[in-house]
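Have a look at these structures, which come just after this line.
Next, two complexes with chain A in common: one pairs it with chain B, the other with chain C.
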Partner chain A sequence: MSSKPDFVYVTFIRTTPERLWTALTTPEFIRQYWFGMHCESDWKPGSPWKLVFADGRLADAGEIVEADPPQRLVIKWRNEWNAEMRAEGYSLCTFQIESVPDASRQAVKLSITHAIERTESKFIEAVSGGWPRIISNLKSLLETGSVVLPPKAA
Partner chain B sequence: MIDIHKFRPTMVYTIYIASTPEKVWEALTSAEFSRKYFFGNALEVDPRVGGAYVVRQPDGSVHINGEVVECEPPRKLTVTFNVNWPALIEKLGPTLVSYEIEPAGEVVRLTVTEAHDRPIEDDILSGGRQGWPAILSSLKSLMETGQALSIKMEPPQKMLAALKRLGIQTP
Partner chain C sequence: MPSTLDRSNQSALARADDITLERACENTPLTRNHLVAYYLSAMDEVFRALADASRRLLLDRLHAKNGQTLNELCDGLAMTRQAVTKHLAILEEANLVTTLRNGREKLHYLNPVPIHQIGERWIKKFERGKLTALSELKRQLEKRDE
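Our next item is the complex of A and B:
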């Protein structure tokens, strides 16, 4: 049994793998479900990656490790704005997108694993609260056209 | 009577749903609703402490057998949630599932926790870890779009193999 504090979140969304990949990698889309924040990257392996607050301040930064659209995205990811979390070093965030058979229309399974090589992590604890909010918003946006949590509730 | 303090969480799943606590409570305790999001299974709950909590498969057979431990509508429902396979409780102890429904602004934060009173192998826990996200994602889609997801789930092979090793018969 792992003693590492990995955070794993699985969700099923009525959408296509391509649409989900676009939602995960397009700044205009990201702002809608990620409480005004957005990501900057060209999404190619080895390229830099940034997560930016609505006011332009840097939140988190890192690098694209793997990008295999529309199935798999792996980001090396470190918090930049909080000294204690920054000192924990880089985490690895893996997005896995799989088509699943759905009786009516196509659905996808999105699996997010956010891991760090430490036995305890304030950063993983923080993202454990954040991911369900962001992904619930993403699912509602793709399925209904609106997010579930309003933009200011970060 | 179950002592809930002896139980430790093995899975915690949080999801935000654009609905009201009352509607989410109804969805989590109603046979008609559950058939739509819970793989065709019907939830039959007697909503009082000590009341029965049963999940019945489409063919009428009992899949999950349990009892209500805490019942505070529309906020909290805690039940024993035991798959109806011979020797399961004897070998693994009861499973406790709690549903916490909290307002989050105008919407609902639903937190489902699965807990056990003794260490359980990851392979066995993999069944619930696979099932709950599918059930709860489908519930969210049902409440927000009027249509549940009907995901075709593969049987949890690792869990079934681990149960077999422990001598627990599965269908």
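Our next item is the complex of A and C:
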């Protein structure tokens, strides 16, 4: 896997690392900011992981590579619903959670990187468009209890 | 002009409708105005960082190729290395650029999340679906012109 990620998305969220970890790993919570989609896993290294559409179809799947709550989560991640993107193989997605040291108010820095072993990737292009919206929703949900963009009506 | 200031604070409060203030104030020593200041100052930093053509050029270069070293970024630019370093620091402070260490190299990445949040602040008030459809239409039409 290439050591240089294709993108790095960073946001600062007024919450605790524990709450953010829960937000990233609890299906009911994920649905609220991931446009109705959710992840399923027991979040232990080596365990299967999947991302499921609101209607129950499988979107993406893979395996938990590293899980160090509430600081670091690494997922081996492959598209499953689109033949072309599926053929690109596995990518590696890393979530890094750090407490912001100087904040009198409690805040954490969430960094998400997503990398794949190829130069031109349709999959990376697709997820790079999705992540900022998901992260914005997550930030909004944790800070105010509501999301900016609700899931699309079915 | 304290009354004018008060009024501008009030309208800032009214505009900060994406923040449930009472809720966000829970368990923090911040007063309402400080909280608004916290959100607005983060946004101010983004606008200030974007208000400079050289800094926008650096963002464009990262948009074209993400994850560049300082040397790569300076290559072919009519800016001194010191100026690029200074601009990158301002962009990093505004969270528009983020850096990663890759061995001995420091790589710079464009972070579009704050720009996205600014967009949502206003766009969500309108019908997002129609806007998305419009920009997709524009993209398709312009593509055909190429």
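Just so it is clear, the second predicted complex is superposed on the first by the 144 of 154 C-alpha atoms of A that agree within 3 Å, B and C clash if a C-alpha of one lies under 4 Å from a C-alpha of the other, contacts with A are read in each partner's own complex, and residues count from 1 in each chain.
Everything below uses one rule, namely that a residue touches a chain if its C-beta (ideal position, glycine included) is under 8 Å from a C-beta of that chain, and two chains touch if they have at least 3 such contacts.
Computed from a prediction, not measured in an experiment: that's the story for all the values here.
Chain B and chain C, once both complexes are superposed via chain A, clash.
In the superposed model, A:136 makes contact with both chain B and chain C. In the superposed model, A:6 makes contact with chain C only, not with chain B.
Judged by the touch definition given at the top, the superposed model places A:14 against both chain B and chain C. Of the two partner chains, chain B is the only one touched by A:101; chain C is not.
In the superposed model, A:145 makes contact with chain C only, not with chain B.
In the superposition on chain A, A:50 makes contact with neither chain B nor chain C. By the touch criterion stated above, A:31 is placed in contact with neither chain B nor chain C.
Across the superposed pair, chain B and chain C both touch chain A at residues 8-12, 14, 104, 132-133, 136, 139-140, 143-144, 146, 148-149.
Listing the residues of chain A that touch chain B in their complex gives 1, 8-14, 100-104, 107, 109, 132-133, 136-137, 139-140, 143-144, 146, 148-150, 153. Residues 13-18, 104-105, 107, 122, 129-130, 133-134, 137-138, 140-141, 144-145, 147, 149-152 of chain B touch chain A in their complex.
Across the complex, chain A meets chain C through its residues 3-12, 14, 104-105, 111, 113, 132-133, 135-136, 139-140, 143-146, 148-149.
Contact residues of chain C toward chain A in the complex are 18-20, 23-24, 28-30, 38, 42, 66-67, 95, 98, 100, 102-103, 107, 109-114, 116-117, 120, 124, 128.
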